[in-house]
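Remarks on the structure that follows.
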Amino acid sequence: MKLKGTLLLLLSMLVVFLSGCEPLLVLDPKGPQAERQASDIMISIGIMAFIVIVVMVLLVYMLVKYRASRLPDDYEPPHIEGNPILEGILIGVPIIIVAILSFITVKSNYIVESTPEGYEDQEPLVIYASSSNWKWHFSYPEQDIETVNYLYIPTDRPIEFKLYSFGPITSFWIPQLGGQKYAMADMVTTLHLAADTPGEYMGRNANFSGKGFAENTFTVTAMTQTKFDEWVDEVHETAEPLTEDTFEQLLEPGHLGRMTFTGTHLGFSPAPEHEHSDDEMDSGEEHKMHAEKEREMHTEHAAHE
Amino acid sequence: MKELFPVKQVGGYLFSLVLTIVALIVYFMDFSFPVAMTILLVTAFVQAAVQLVLFMHAGETEDGTAIYTNVLYGIIIAMVTIIGSLLIFVWDM
Amino acid sequence: MKIDHTQPLEYSTQQNQLNIFGFWIFLGAEIMLFATLFTAYFIMENRTGNGPTGPEIFEIGPVLFETFILLTSSFTIGLAVHAMRIGRKKAMLAFLGVTLLLGVAFLSAEINEFVHYYHVGATYQTSGFTAALLTTLGTHGGHVTLGFFWGVCILIQVMKDGINARTANKSFIFSLYWHFLDVVWIFIFSFIYLKGLM
Amino acid sequence: MEFFERFAVPNPNPAIYASMVAIVVVSLAIIIGLTYFKKWGYLWREWLTTVDHKKIGMMYLISALLMLFRGGVDALMLRAQLSMPDNKLLDPQHYNEVFSTHGIVMIIFMAMPFIFAFMNLIVPLQIGARDVAFPRLNAISFWLFAAGAMLFNISFVIGGSPDAGWTSYFPLAGTEFSESVGTNYYMIAIQISGIGSLMTGINMITTILKMRAPGMTLMKMPMFTWASFMACVIIIFAFPVLTIALLMGTTDRLFATNFFTTTNGGMDMLWANFFWVWGHPEVYILILPAFGIYSEVISTFSGRNLYGYKSMVGSMVIISLLSFLVWTHHFFTMGQGALTNSIFSISTMAIAVPTGVKIFNWLLTMWKGKIRFTVPMLYSVGFIPLFTIGGVTGVMLAMSAADYQYHNTMFLVAHFHNTIIPGVVFAMLAGLTYYWPKMFGFMLNERIGKWGFWFLSIGFVLAFFPMYITGLNGQARRMYTYSEATGFGPLNFVAFIGAGLMAIAFCLIVYNIFYSIKHSPRNVGDDPWNARSLEWATHNPVPEYNFARTPHVASSEAFWDAKKHGHELFKGEIEEIHMPNYSGVPFIMGVIFFICGFSFVFSLWIPAIVSLIGIFACMVLRSFEKDDGRLISVEEIKATESKFESAEEIKTAVSTYGGANS
């Protein structure tokens, strides 16, 4: 019974941990999206703990009651085929549980994929977050600012992150504000977040991206709109403009500290936003002409050879 | 000579030629995408069935059920993979 | 080897039946193999980068020729199996030979097509689209090539040993393979070429 | 000299040099040993050329155990590195290589051969067949697996290990970010062994569907056979996807195509897609045979028939189908819409239903039974609660909105170890102990076995449960280190202790094998466990022809029927038995495949083409070969049988081993 003891101990430990003597990041949400996710997690932990307990109780019951050492020597276990009603229940109950969880999940899916609840009427702040080996670049087109490895955001305003990568697939994750999403090289993904309370939060790349992955982190500071505006003004007064050359240097593999620039890289190195629509069937004449030219060049090339 | 060309085989061959020509219509006519795709899907699968049943004798032994199940299972999973991937990358991106 | 004479020769031993059944299972796996290639192709279809698109490089003439050749070869291999079943060795060899010749014709047409693609700037490295297209066609073509050499091995064996339980079994399995390649080609024809050209 | 530079390890360290020396020393020791004891001929005649499903099974088993140690050492290094904040034991590059190889070795070269070992050993016996449908192909499958495994394992001393994770997501695994040949090894080694797996799948399906003993309808097959059957169904539809994905990855790396690049229309997400279209069914390929073993073990040691046979079968059929409908849950965060995520989220959770049915059926099998706590049963009993925890955390991960928080964290790592270790590894160890007498004719020591079980279970709980917590606290997977401020330190140290306990457990298991070879009594008879299904109706160890006379079967528990209800298993006279001939070609093909793979890894085109031609030559040779096998005469069979029977008589006085003790 050592095993069962250990398990129960650990389970209770888990519950103690989760119920917050020292809150875990994911379960200590500071924004509506993370809150929704945390509540989903807690609901599912509850239901799942119930299932685990049922299984364990049944198992202990069987093991205690039917162990050979407690049964008479001449006891012959009976031959029992399945019982349709019992098996029906065993199928039915899990289906109900799965249905409940599905309902919650589908609802949450649409919630986390849209502007955070309670912020619908506000214009979202768009921030382009791009990763390169092993840094994060944050471009604020509205404010015309770019930062490296740190992120200032206003509270009480929805934020729309546009994610993409200058290298391997990375994953943009601020556990206390909401779940992660991939940043990739050939398309832009969108993540909707918002911060309810001012504070400093951990953000990182969660998807393995090579040697410098462990240190591929950034800090997020949420502040009131006034403080945010002050910061923007300050940056415009003090920071250097971001040139194409500087940006090329920034992209080199390595780690950098925090950096701040005016202007963004979106002008000379735009996000791969329209890649998709470009490729649609009706790409139009221009595309065809382009290909035609290409083909001519190739035939010419071949002729030369 | 005649016994070398059984009706089943010759008929199947002619039928698949006809199906190929029907499929070819989408090249010459200007159908809308759904209509053209339907034509292609129908002709392709019918032709595959012709090959399977008439030429490959899939059902001729007692293993026919197992063989058909195998092929059907393969087609179902193939369709799931194709449609699922398109859903992820094209239709719902 | 116990030979059961109530069955056609290709099914007449236990091992023969296993071989045919096992090959059918293998074909199930092949369905999935080509389905994966089709998945890749459908997703990459419009991802042409700086290279040409499908409609720009496809030509209906050679494709129709290839289709007709392969359909006919599928017909002749069916006739070969039929001839085998009624014990006509010479007819069977003739049909098998024709099938293999048609296979060669198909392959040369396909190689020609690849050369054409190369000249219009659609090489293996050009774009996601060309990579998916050429891998799909190439995998099919590779199967046909393999089938050709396999068919030659069988042809020689039938010539040497006549139609017996062993050679009949091999020929029948080969016919399954060849028919299957035709089925795959039908899908390539419909969903790569015709869909691209329509 | 320049030619040889490519074979150098790009990131050497003392441990790698030490391994090189160790490899050379061990190889030399093996060669000298074989020569000294004049065992080359024996090795060639009895093992390298064998087509006997039992010997192939044993070779799979030995390979799996070796690979378990390779992967286990990797795991220990990982846990040691993470045991303390800012630890400097491994640098990031080595950490990346170690976790990548750990994952691949454990899944492809440990778990897969382990399940193939039991499929090969047990399935033909359970259905009363003489061998598998294609014995020669079976040998080829094994040697392809061996070639792939060898190729993969030399990577860390020649040219460098793969370092992009076992998932090898592009573009990280592309030539731009992964310059060493490591990922080439990944692509080609897995390709070769994957082809072997596909062949095994075809072989087993044909065997199971076409070679069952008279009277054994599909619904009278023992549960392990059903499980293997469904696993093989998944294999034949999942592995072709891997074949194509690896082919594309290989051409991307070797021929600069644009499948998974980020320019010219390439699509990095496509790799992730294909990888998981294969990868998710793969985990069911592993778990279904494990379920089968648990079904056999629990039923045997509860002294009862398996509860709900039909729903057990039904649930496996449903799992095999559903396993192909859920792959997207590995990348809910890749940017597809809420609709797609919802569909795949629901289909994923749906798998919990058939799995739950199985769990309850096992519990109900114990109900009214007479439970004997032998080592295999202990593993099964430990499996039920631990796997349930793994399963329910799987349901939690399946909730896509919440998965945004679990994804890529230690929570996920904890979850899949929580299913694979109690699910697959426990099952394999249970199977190893349970079928050991079937293979070798003596038992493993129960006492040491139980110690092994407790160390393993407690070690497992300590190693992996803390990860659930650190995951929720924001520890991403695959980080080679973390700072003290994160607070991950203490729990990671607990995990390290757990890993240490598991290492002790595996040492105990190996010690048990050596101990038992020396000390176990040799006369255990044909039915040491008081078992129920057909594989126990023949002798231990099994003679090469399996059954002297073809058994006739009337239920899924044919042997039990014969023991308790007077069912007549063997009717008629002994007749001569047809068996396949041994052949060296499969081994040679394996060697050629190895050379071919190695040449491809290093882009050495001439040897690559020559060895490809060699492979085709082997196939042509096979086409022209006329090999009708051989016959075992009635006298020979009778002589073998009487040897076993006299042994049985001596043994009758000895009480049944592993009976109602504990």
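Order of writing sets the chain letters: A, B, C and D. Residues in each chain are counted from 1.
The criterion applied here is as follows: contacts are C-beta pairs under 8 Å (C-beta built on N, C-alpha and C of every residue); 3 or more make two chains touch, one makes a residue touch a chain.
None of the values given here were measured: they were computed from a predicted structure.
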| item | value |
| --- | --- |
| Chain D and chain B - chains in contact with each | C |
| Chain pair with the most C-beta contacts | A-D |
| Centre distance in Å when chain C and chain D are each reduced to the mean of their C-alpha atoms | 34 |
| Distance between chain centroids, defined by C-alpha means - chain A, chain B (Å) | 42 |
| Geometric centre distance via CA averages, chain D-chain A, whole Å | 32 |
| Where chain D touches two or more other chains, by residue | 209-210, 237, 241, 265-267, 269-270, 277, 334-335, 337 |
| Where chain B touches two or more other chains at once, by residue number | 63, 66, 73-74, 77, 81, 85, 89, 93 |
| Multi-partner residues of chain C (at least 2 other chains) | 17, 21, 25, 28-29, 32, 36, 39, 43, 47-48, 50-51 |
| Residues of chain B that touch chain D when the two form their complex | 63, 66, 73-74, 76-77, 80-81, 84-85, 87-89, 92-93 |
| Chain D contact footprint on chain A (complex, rising order) | 2-4, 6-7, 10, 14, 17-18, 22, 24-27, 34, 36-38, 40-41, 44-45, 48, 51-52, 55-56, 58-59, 62-63, 66-69, 71, 73, 75-83, 86-87, 90-91, 94-95, 97-98, 101-102, 104-106, 108-113, 133, 167-169, 171, 173, 175, 178-182, 184-187, 189-190, 202, 204-214, 279 |
| Chain D residues within the chain B interface of the complex | 209-210, 233, 237, 241, 267, 269-270, 273, 277, 321, 324-325, 327-328, 334-337, 339-340, 343 |
| Interfacial residue positions of chain B with respect to chain C in the complex | 3-6, 9-10, 12-13, 16-17, 20, 23-24, 26-27, 31, 36-37, 40-41, 43-44, 47-48, 51-52, 54-56, 58, 61, 63, 66-67, 70-71, 73-75, 77-79, 81-82, 85-86, 89-90 |
| Partner chain A, residues of chain D touching it in the complex | 92-93, 96, 163-165, 169, 171-172, 177, 262, 265-269, 272, 302-305, 307-311, 331, 333-335, 337-338, 341-342, 345-346, 349-350, 352-353, 356-357, 359-361, 363-364, 366-373, 381-382, 384-386, 388-389, 392-393, 395-396, 398-405, 407-409, 454, 457-458, 461, 465, 468-469, 472-474, 476-482, 487, 660, 662 |
